[in-house]
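Shared between the two complexes below is chain A, which pairs with chain B and chain C, respectively.
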Partner chain A sequence: MILEIDNLVKHFPVGGGFPFGGSKGEVKAVDGVSFGIGAGETFALVGESGCGKTTIAKLILLLEKPTAGRIVFDGTDLTNLNSRQVKEYRRNAQAVFQDPYSSLNPRMKIRDILAEPIRAHQTMGRKDLERRLDEVLEIVGLPERAKRNYPHEFSGGQRQRIAVARALTLNPKFIVLDEPISALDVSIRAQILNLLEDIQKELGLTYLIIAHDLALVEHVSTTVGVMYLGNLVEIGPTAQVFDDPQHPYTQALLAAVPRPDPKHGLSEQLATGEIASALNPPSGCKFHPRCPHVMDVCSQTYPELRRIGESRAAGCHLLEEQSA
Partner chain B sequence: MTEPVGHRTPQPAGHPADPLAPSGLALLLRRFRLIRVGRVPWIAGGLLLLLVFCALFADLIVPWDPTALNLGKALKPPIWEDGSVPGHVLGTDNLGRDILSRIIQGAQVTLEVGLYAIVLSGGIGALMGMISAYFGGVVDAVIMRLVDIQMSIPSIALALVLAAALSPGMSTVIVVIVLSYWTWYARIVRGEVLSLRERDFVKLARVAGCSTPVILWRHILPNVINTLLVLASLQLGSVIIFEATLSFLGLGVQSPDMSWGLMLNDARPYMTRAWWPITLPGIAIMIVCLAANVFGDWMRDTLDPRRRQL
Partner chain C sequence: MNADPQAKVGQPVLKVDDLRTHIFLKRGTVQAVDGVSFHVNAGETLGLVGESGSGKSMTSLSILRLIPKPGARTVSGRIEIDGINVLDLDEDTMVRDVRGKLVSMISQDPMTSLNPVFSIGDQVGAAFRFHDLVRGRSAIRDAVVNVLQRVRIPSPERRLDDFPHQYSGGMRQRVVAAMAIACSPKLMIADEPTSNLDVTIQVQIIRLLREIQKETGVGLIFITHDMGVAANICDRVAVMYAGRIVEIGDVETIFDNPSHPYTQGLLDSIPHLGRRRERLYSIPGNPPDMQNPPSGCRFAARCPHVMDRCRSEYPPEATVAPGHMAACWLVGKNE
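Let's look at the complex of A and B:
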């Protein structure tokens, strides 16, 4: 396991600032999530917006401090690092974000954008630096002359290539991809996806992909974790989870995927209603107000993740009944 | 009146008039516009350059020694009025000093106070605003409450206290202006940084391993510098007026140093007998403020990327 997350919790206090008014409550963005990512794997986190998947990405990238829980990367606990250790970790863990228009500083040339991670970590001779920049540009399929331009001179897809190149400059082991293609035109999504896959094969990278697009997840990931309101409700190898979803929420998500088949009607599995508020989540199983199979026990006790088979787990009371 | 020639079909009777059609007043203004709007910022910029030139080379270009007294020539009018003295283009004041020379020399103080005050208040305000927004929490709350407190103190009262405590003079004027103006920069920069901080490139800079000072310097500051420049140029006008006000009240620049506000004060007792010693420096103040404001407006429009793309 290159990355292990153990019972991670992140609560955001809401309302009231110093010195007036106290806190009005907490948003439980991430409420006890555990999973592990093996080296070379592509782990996908899926869920509706607001389920806490981006918060997990921020916690892993040390952009937020967890309320509780541990994040272990390559044997070191990230929750208690000094600044030198943080820097060492950042050398190995990089990120690509959703919006390529917001992720490149409009006032910096591509050369400086790409060189920034290197400059933050080491002093490199001018020639070596240029050579490294040319290398990463070649990997993402952009010409060397791109270094001289500003971000606004590139299209969305090209900008995302630049963002990927920048993530590669330090030769990291692990990259967090937060919705890497959802802001791009449909016509160039496949290009960027293929690029990311090629890079992974070539450099032996480990990916954590945050996504809401199930087709993308099915296509690229080896393991998938389904999140609902700050909890992991199902986790397992992607092929198995997609073939035979165990949790009603996973079933509802998959049923909602449009299929190019006119005879395929809307399934009864569809979840109804809106995602509940993370400020005041439902009791017991957080999915119970929307679940088509809701039972009495669902509103009372929280269903812990239960192991199914060798490598899968899901958190639902239905599974307990089946096994009992 | 003849029918307008054009491809638009005439309005049927009773139909409401096209709201996009230019009104009568707009047409009138368009026809009789004397100065093309596009040239106004150039005129303003030229006037500001003239101010800088006067301030830099005052000693070389003044026709008379601005402090030389000559009571025999006291209160002589400008050359286009009866009773003027040759050589004194804008006349003389109550002590016989040449008004044109004093206005040129006064530009030095005006510009010096303006620049020091703007640079210092802008620098302090921008730094405070950046720190406040970037770190947030208690730091933010403390700095912003300081801003609120500072904004609730009338600046003239502050000037009175400081003039009494420090002794009036140019440095006191600058201190008062910086104390009353940094709050504007702090608030505006804070707002900008709050939105910048959430942009992905700032987060990615952190992921890349950049330290906080590097992020502030390389990613935040270049993106707020436009706002700072515009605010500074717009405030130049009000800073100049503020300096003139303080000097007029005797809280600012003291004789024999000269400033336009001080000239107004010196001329006030003779206002009913001679209009020029009080009017001409007043006009100088007005022109410079107007130029600074117009120039600032133009900078705001030009540097705003949203407008630039139009």
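Let's look at the complex of A and C:
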């Protein structure tokens, strides 16, 4: 395991406000999540907006401090690092964000955008630096002359290539991809997807991909974790989870995906209503108000993740009934 | 309300003929919509699919005569809604008799299409008050409750005085749909109505729109870049690329038997749930610069089947089969 997450919790206080009055409550964005990512794997976190997947990415990138729990990267616990250790960690863990129109500084030339991580982490001679920049540009399929231009001179797809190149300059082991293609034009998406796959094979990278497009997740990931209101409800190898989803939420999510095939018929609506507020989540299983199989026990006790077979797990009372 | 909506199914409610809407900038002219023709029948859904910048939203704004002014101008063409050429009408008539009454619109983001400082009842009621369809406070209130019921908002009489922020995302989009059907229009334009919603909510809205259409027989233009959504809701699909329709046909034909290389490439490049492939096909290159569109076919630079002729002459709209048109030189050749 290159990355292990153990019982991670992140609560955000709401209301009140400095300096008077206490907090009015807490948004339980991440509420006890554990999983591990093996080296060379592509782990996908899926779920609807507000389920906490982006908060987990921020916690892993040390952009937020966890309320409780541990994140271990390559044997080092990330929760108590000093600033030098944080820097060392960031050399190994990089990120590519959703929107290449806001993730690249419009006032910097591509040369400076790509050189910035190197300058922050090490001293490198001018010639070596230029060589490294040419290398990463070649990997992402852009010409060397791109260094002299500004971000606005590139199309969306090219900008996302630049964002990928920036993530690669320090030779990281691990990259967080937060919705890497959803801001791009449909005809460009496959280019970036194929590029990310090629880079992973060539450089032996590990990916954590955050996405809401399930067809994309099925295509790129090896393992998938399905989140609902701050909890992991199902986890396992992507092919198995997608072929035979165990949790009613995973089933509803997969059934709702519109297929680009008119013969398939209309997507099915298995879940009713909408996601509850993370400020005041339902008792017991947080999915129970929307679940088609809801039982009495669902509103009373929270179903812990239960192992299914060797590598899968899901948190649902239905599975306990079956095995009992 | 029309006495018998079924009687009108099949009649064209919208005919667009050779529509050209250009945007005039200091640096030059962007040919955003450049010779687009199609029709929509009552009770049917036409999908306009294409990527950003392909002209699908400009086409819909041209129909409503809401293109940004100054700058954009519809330079030629005909847009007939229910037999009236709206390009001949003045702004007063558009406001009074066309927008909301004959044609309505559902936009992408329900948070920005609803006014945060007026209650839901006020905003939905505005449609009745403005077009003078219902008179008197309590009558309007009843009409609003009725229309909110039609979009399946639970206990609308209690939620009438709530404000938009008290509604969830999916419920807000239902309210927008209620405003769109309030005056029983002949044509509805939905511009990416589900793109900001989660999949489990998206399926609810798609089902709702189909039910509304069955009840009222309204003609629907559904704009989307998501081929999966298009396959779910459309009867016919028009694929747009760089300001033109490159292929149009019924939904089965477009998805199972596409004739234009752009449609083929697009369908091959999207991951398909349940159909695992080693590698996706990727269309090379980028969409053309619309200020200087290439002469000849606009897809030529990215097309795997490009011929000399493609680079010099724009291919005419060729009929592949009745109701199926593709603008490609290859289509004529196969005959």
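Throughout what follows, the second predicted complex is superposed on the first by the 314 of 324 C-alpha atoms of A that agree within 3 Å, B and C clash if a C-alpha of one lies under 4 Å from a C-alpha of the other, contacts with A are read in each partner's own complex, and residues count from 1 in each chain.
By our rule, contacts are C-beta pairs under 8 Å (C-beta built on N, C-alpha and C of every residue); 3 or more make two chains touch, one makes a residue touch a chain.
Not measured: the values here are computed from a predicted model.
**Q** Both complexes share chain A, so when I overlay them there, do chain B and chain C fit or clash?
**A** With chain A aligned, chain B clears chain C, so fit.
**Q** Touching A:Glu116 in the superposition: chain B (first), chain C (second), both, neither?
**A** Touch partner of A:Glu116: chain B, not chain C.
**Q** Identify the partner contact of A:Gly315: answer first if only chain B is touched, second if only chain C is, both if each is, neither if none is.
**A** Once the two structures are laid over each other on A, A:Gly315 reaches no partner at all.
**Q** Tell me which partner A:Asp99 touches in the superposition: chain B (first), chain C (second), both or neither.
**A** first
**Q** Would you check which partner chain A:Arg91 touches, where first means chain B only, second means chain C only, and both and neither mean what they say?
**A** A:Arg91 sits against chain B, while chain C stays out of touch.
**Q** Looking at the overlay, what does A:Ser155 touch: chain B (first), chain C (second), both, or neither?
**A** Touch partner of A:Ser155: chain C, not chain B.
**Q** In the superposed model, does chain B or chain C contact more residues of chain A?
**A** Higher number of touched chain A residues: C.
**Q** Tell me which partner A:Gly230 touches in the superposition: chain B (first), chain C (second), both or neither.
**A** It touches nothing on chain B or chain C.
**Q** Just checking: does A:Pro245 make contact with chain B only, chain C only, both, or neither of them? Give me first, second, both or neither.
**A** So A:Pro245 meets neither chain B nor chain C here.
**Q** Report, in whole Å, the shortest distance between any C-alpha atom of chain B and any C-alpha atom of chain C after the two complexes are superposed.
**A** Taking the overlay as described at the top, chain B lies 8 Å from chain C at its nearest C-alpha.
**Q** Report, in rising order, the residues of chain A that make contact with chain B in one complex and with chain C in the other.
**A** In chain A, no position sits in both the chain B and chain C interfaces.
**Q** Over in the complex, which chain C residues touch chain A? Could you list them?
**A** The touching residues are 51-53, 168-171, 198-204, 206-207, 210, 225-232, 251-252, 255-256, 262, 265-267, 269-274, 276-277, 279-284, 286-287, 302.
**Q** Which residues of chain A touch chain C in the complex?
**A** Against chain C, the touching part of chain A is residues 48-49, 155, 157-158, 185-191, 193-194, 197, 212-216, 218-219, 239, 242, 252-264, 266-269, 271, 274-275, 290.
**Q** Over in the complex, which chain B residues touch chain A? Could you list them?
**A** Contact set of chain B toward chain A: 137-138, 141, 145, 199-201, 203-211, 214, 218-219, 222-223.
**Q** Residue numbers of chain A touching chain B in their complex, please.
**A** Chain A reaches chain B through residues 17-19, 58, 61, 63, 87, 90-91, 93-95, 97-99, 102-108, 116-117, 120-121, 163, 166, 170.
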